[in-house]
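Labels A, B, C and D are assigned to the chains in the order they are written; within every chain, residues are numbered from 1.
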Amino acid sequence: MSSTFGTHFRIHTFGESHGGAVGVTIDGCPPKIPVSAEAIQLELDRRRPGQSEIVTPRKETDTCHILSGVQDGVSLGTPIAIIVHNKDQRPGAYDEMAAKYRPSHADYTYDAKYGVRALSGGGRASARETIGRVAASAVAKEVLNTLAPGVEVLSWVKRIHDIEADVDPATVTSEQIEANIVRTADADAAERMIERIKEVRSAGDSIGGVIECVVRGCPVGLGEPVFDKLEAELAKAMMSLPATKGFEIGSGFSGTLLTGSQHNDAFFMEGDKVRTRSNRSGGIQGGISNGEDIVFRVAFKPTATIMKSQETVTSDGEDTELTGRGRHDACVLPRAVPMVDAMATLVLCDHLLRQRAQCGGFPHT
Amino acid sequence: MSSTFGTHFRIHTFGESHGGAVGVTIDGCPPKIPVSAEAIQLELDRRRPGQSEIVTPRKETDTCHILSGVQDGVSLGTPIAIIVHNKDQRPGAYDEMAAKYRPSHADYTYDAKYGVRALSGGGRASARETIGRVAASAVAKEVLNTLAPGVEVLSWVKRIHDIEADVDPATVTSEQIEANIVRTADADAAERMIERIKEVRSAGDSIGGVIECVVRGCPVGLGEPVFDKLEAELAKAMMSLPATKGFEIGSGFSGTLLTGSQHNDAFFMEGDKVRTRSNRSGGIQGGISNGEDIVFRVAFKPTATIMKSQETVTSDGEDTELTGRGRHDACVLPRAVPMVDAMATLVLCDHLLRQRAQCGGFPHT
Amino acid sequence: MSSTFGTHFRIHTFGESHGGAVGVTIDGCPPKIPVSAEAIQLELDRRRPGQSEIVTPRKETDTCHILSGVQDGVSLGTPIAIIVHNKDQRPGAYDEMAAKYRPSHADYTYDAKYGVRALSGGGRASARETIGRVAASAVAKEVLNTLAPGVEVLSWVKRIHDIEADVDPATVTSEQIEANIVRTADADAAERMIERIKEVRSAGDSIGGVIECVVRGCPVGLGEPVFDKLEAELAKAMMSLPATKGFEIGSGFSGTLLTGSQHNDAFFMEGDKVRTRSNRSGGIQGGISNGEDIVFRVAFKPTATIMKSQETVTSDGEDTELTGRGRHDACVLPRAVPMVDAMATLVLCDHLLRQRAQCGGFPHT
Amino acid sequence: MSSTFGTHFRIHTFGESHGGAVGVTIDGCPPKIPVSAEAIQLELDRRRPGQSEIVTPRKETDTCHILSGVQDGVSLGTPIAIIVHNKDQRPGAYDEMAAKYRPSHADYTYDAKYGVRALSGGGRASARETIGRVAASAVAKEVLNTLAPGVEVLSWVKRIHDIEADVDPATVTSEQIEANIVRTADADAAERMIERIKEVRSAGDSIGGVIECVVRGCPVGLGEPVFDKLEAELAKAMMSLPATKGFEIGSGFSGTLLTGSQHNDAFFMEGDKVRTRSNRSGGIQGGISNGEDIVFRVAFKPTATIMKSQETVTSDGEDTELTGRGRHDACVLPRAVPMVDAMATLVLCDHLLRQRAQCGGFPHT
């Protein structure tokens, strides 16, 4: 379904960007997992507007409220509903949008699909929709911590425009990532990225880039053969985020330039553990985690909203022009990092429960 | 679920590569759609082994049988079961595999997940598993032809190793693609690709590449906001195919090097139709088709089975070596083209029915 | 999933009886359907406590708020979230319940399943959980009104304890049902039922009974063969309501005393419409609606909470006694009538969309 | 979906009664469960035609073949496909059926829904469809035996027409049930039932009755709150069987004649185990198993096919008459007993896996 994600740890999100509230209900959460508004707020704060000088200055505190499913700080096993009321609505800033389709936004396609659309704000196509995902992922993270301690999900900005960061997935830390407002773990690149974002913003333009993610300490055996391969689920998860244009895992697109003998990951024993010499598989083989680091990358296009005049059409079918207004991110990547974290965490948590259902535990031995 | 794909046009595949049969059941197929074993066989013949000099010489006719759901050449609306008996099993060729994990295959992860695995052949991780998908897609294709005439799904080899084909998604034809055994629509590149595959095969090695796909004539309004965005569903579909390492749509990874003003697709009116000047969105905006060509690319790694000695481990946890044997594709891409077609067709057909369910038709006007 | 109902018109409910709020999100609702808090409130008022002298005197206004998915009085096609804040919480009244399992309640089984449970109120096992269902059904009702005008869902109290009402499913009206506080359409029986409820309540005891429901004007062709037969879906829907112990459709249990020649519903033509002389099938044949009235009955046990001392055990495993306190219904049936209406409406709405998905419309001709 | 049952132990059935084959694929089966064609055949033999003098004399051996998912007698964790080829097709016997709708059958509703139907045999509405369910249940039974040893599912004929058997759910054995061809555990009643069936058959008529089922040794904690209550799932499972008209659990419809103080099941400690003095709840409270015997009853209508002339209409909309021909059961109950067993077993197995997914085991302590 459109607004449901997951098979067993299953989330349902709701809310337009300029409606009364956005939120999520989580069904299937194991009981007795620590859940607190504070832990959820920590994740929400990483994605909220106004958090630094390079993101949109909109003033949203994005304060979350837990409405159900939690008692005395632990989950009850019943649906957990989390809600964030919308505060900083400025319908006036969007009047023109009601009449004109913003290029490379979803205004036209929503209208074409439904015959109606949220006239103020981006509706469900706004990045605001990801609040529910991020809130749910804070709960999923605690499930991982409880059932599979040691799993670590870390994302960072790998590239902005043509500025690439030098980050080692095997050793990067959360502290290094959060050490700069652009959320990359390369201080030097971070500076240049910040400067580039400011330049582009001043020009009324926007830029995109690539986010990289590593999952360290993933149990062996997660993921399903055939359609629900772990990489397929991650790909869907990432490509469901706003502004994404590509996904690759392990060797990715550039791996296609190697031969099999160059590409294959040789197995060897490290004590009683099966390991691979290289990790071009990206931690997943046949759709199932093999215990090596899961490493993937996600492409984010430049923000569609720009402060320049663009050719477009009205909802009545007339050619016209539109100049972006309002307060937008010139580059979504710093705020997209927690979104990538969130979706990866949700996929892993769901597959952990699926593995318990079918095989009783993990690793299955 | 592991072996189920789709929400409304829903397929369930089964079968190990060396078991009794592989197949598929299709649930939710509209009634009175033309379905014939001949039409299904045509698609299966495009993916079967032994079809040309550059693919595996295994002799499998892959003859399909329709067991249910069809009467007098049309669908009944009830489940359509299609089965292909396995013929050319040579368990002997795989004895060593039962004891040793093939590098960059799924032997180890299946064992780790389930505590047991198909000891002969690749089980569900074999490309043979895709027979069910391709068979089902032949039915899905007829659903599209019936309900949304004019939709065309075409895939071709865009690159093999470092040899790139020059193909225009807007104009490429099925005939051009099928004109050469490598299934690219660039005769010159095809020759070089075939030569490269033969060289690599002689060396006991393997190569990969990129397949590109276009959907032309797609109705406006397909795809769902949020999690089941059309590109997210396509990404999952493609990343669920064996040997895939990456997916990108429209401008993809390289689009991240542009600014927003360079990247955005300006709208204009063409008669009473909303069109875009460029198509960096790849035919999908906000997860919903906008009527432009849907264009995406899929990375396939070099075949894991190579005829060279490789370091590996036994299932008992001993270091050892393994040299590939048997009859394998040195390059899967020619046979993967119909698989990409199949998965794209299945996604579109499913979303066509989803759109009918919620909005009653397409385009919604 | 536990708190999800429906395939295409899909609802997700949440909320413990004594938590912050109860509510529902609806996914898959067709766009441009009239949705208003007023229409939802009307249905909620039929199930709320304190509505008459024979139901629990708890003071809950059960005021609903629409948080998303609606603009200018119509649905947007995106998730509709509806919330009701809990007001009249008296945790003190339930202290004893935290320590002792109430007989024939869900306290013990929740503890056994989850290892934790809502200590105040009945949690998700409270009838308060049905608020989300009833709210969602008000939207589903408008979908039916819009897509299949003429469908009428009517439920009434058929029997309380041993007092049976004389009501004709073919002609009963909403006005007749709502004409008395017990919600039966037989004024004479209503009086006796009300008297009986008061007697039983005075004695600190409780009673149950049977609710009957008719769907008139149902399109032909709704329901799916095999597992999702319309009567199977209705049975699940009804048996998911608190306190239900039985479901029967058409001739039901007593039909098993007839022979086939007595039981079969002969077909005949009425103009160009296929009709049946009798309706022992209850409007459904082979799982699919046949256009006759759908008629079924649901058994509700006597309320588990009684004001008498009962043998029970503590959550620490000690034998003890418990006397019910608090404000409860001595008979749930008057308030269960809108719940039966709600679940029937949800099932029909969902199958209407499923029929559109697969067959494009209804009836399929 | 129409032909899918279960959330985690998930079956997909296919096949028309007079098509090439009927069968099932099982997805989500735990690995290393003993699975053999012999064990499946045992269950199929209990439901097959021609097994005794009181069932249809059609000659179908219903021989099953396992096509996938099993190696060396154990499940691989991948889909298990089981197929039964149709043998005794006599299309000629049904020619009249193609033109005339059989009263109280699904001919008309299938036509109305799909605009097409299987013209020979009952298609998916035939009891032959249950072969897939029964085959799958033989696998589910082994899952229960392996993961929750001690669970016993037993069904028997409780009543045929007005002849009621005296059977104690607490002590009845499989041997007692199978001791007579009518499958009741009351030898005296069995004789009278057999005689009645023969009489009715001689008269060209048919009869129905009630099947009772007990689940003994069910782990505490199975079933989900709210929509997927264990009794709701059982109700759906049973009402999805052909010819069923009613379902009741525990005290059922007659429990509505008691007061709460008469009806409630008092708790007491038996050692460290929580038990109930009575079992009017039928082993389920709040949708979750409480460890007591689960007891429910299912009403089956008299077989629709009778050898008498009946009023009906043609598919062209003309009034006409029809006299049943062919070889049919005058009473389906003896063959329906294994179907009830099958559906109960499938529900329990699925909820066992769901419980593992969310809570990690059972009972949760």
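Note that in this section contacts are C-beta pairs under 8 Å (C-beta built on N, C-alpha and C of every residue); 3 or more make two chains touch, one makes a residue touch a chain.
Quick caveat, the model's predicted, so the values are computed rather than measured.
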Report task. Could you compare the number of C-beta pairs in contact for A-D with that for C-D and name the larger? Result -> C-D
Requested in this report: If we define chain centres by averaging CA atoms, which chain lands farthest from subunit C? Would you check?
Outcome: B
Query raised in the report: Per the centroid of Cα atoms for each chain, what is the distance between subunit A and subunit D, given in Å?
Result: 45
Query raised in the report: In angstrom, rounded to a whole number, how far apart do the mean CA points of subunit B and subunit D lie?
Result: 39
Requested in this report: Could you tell me the distance, in whole angstrom, between the mean C-alpha positions of subunit C and subunit D?
Outcome: 26
Report task. For subunit B, write out the residues touching at least two other chains, lowest number first. Result -> 1-4, 13, 28, 31, 77-78, 113-115, 123-124, 225, 359, 364
Query raised in the report: Which of the residues in subunit C end up touching subunit B in this complex?
Result: 8, 28-31, 77-78, 147, 225, 353-354, 356-360, 364
**Report entry** Partner subunit C, residues of subunit D touching it in the complex
**Finding:** 1-5, 7, 13, 101, 103-106, 108-110, 112-115, 123-125, 129, 159, 161-162, 200, 205-210, 220-229, 231-240, 242, 244-253, 255-269, 272, 274, 276-277, 280-282, 284-291, 299-306, 308, 310-313, 317-319, 355, 359, 363-365
Query raised in the report: Any idea which subunit B residues touch subunit D in the complex?
Result: 1-4, 10, 12-16, 19-23, 25, 27-28, 31-32, 65-69, 71, 74, 76-81, 83, 113-119, 123-124
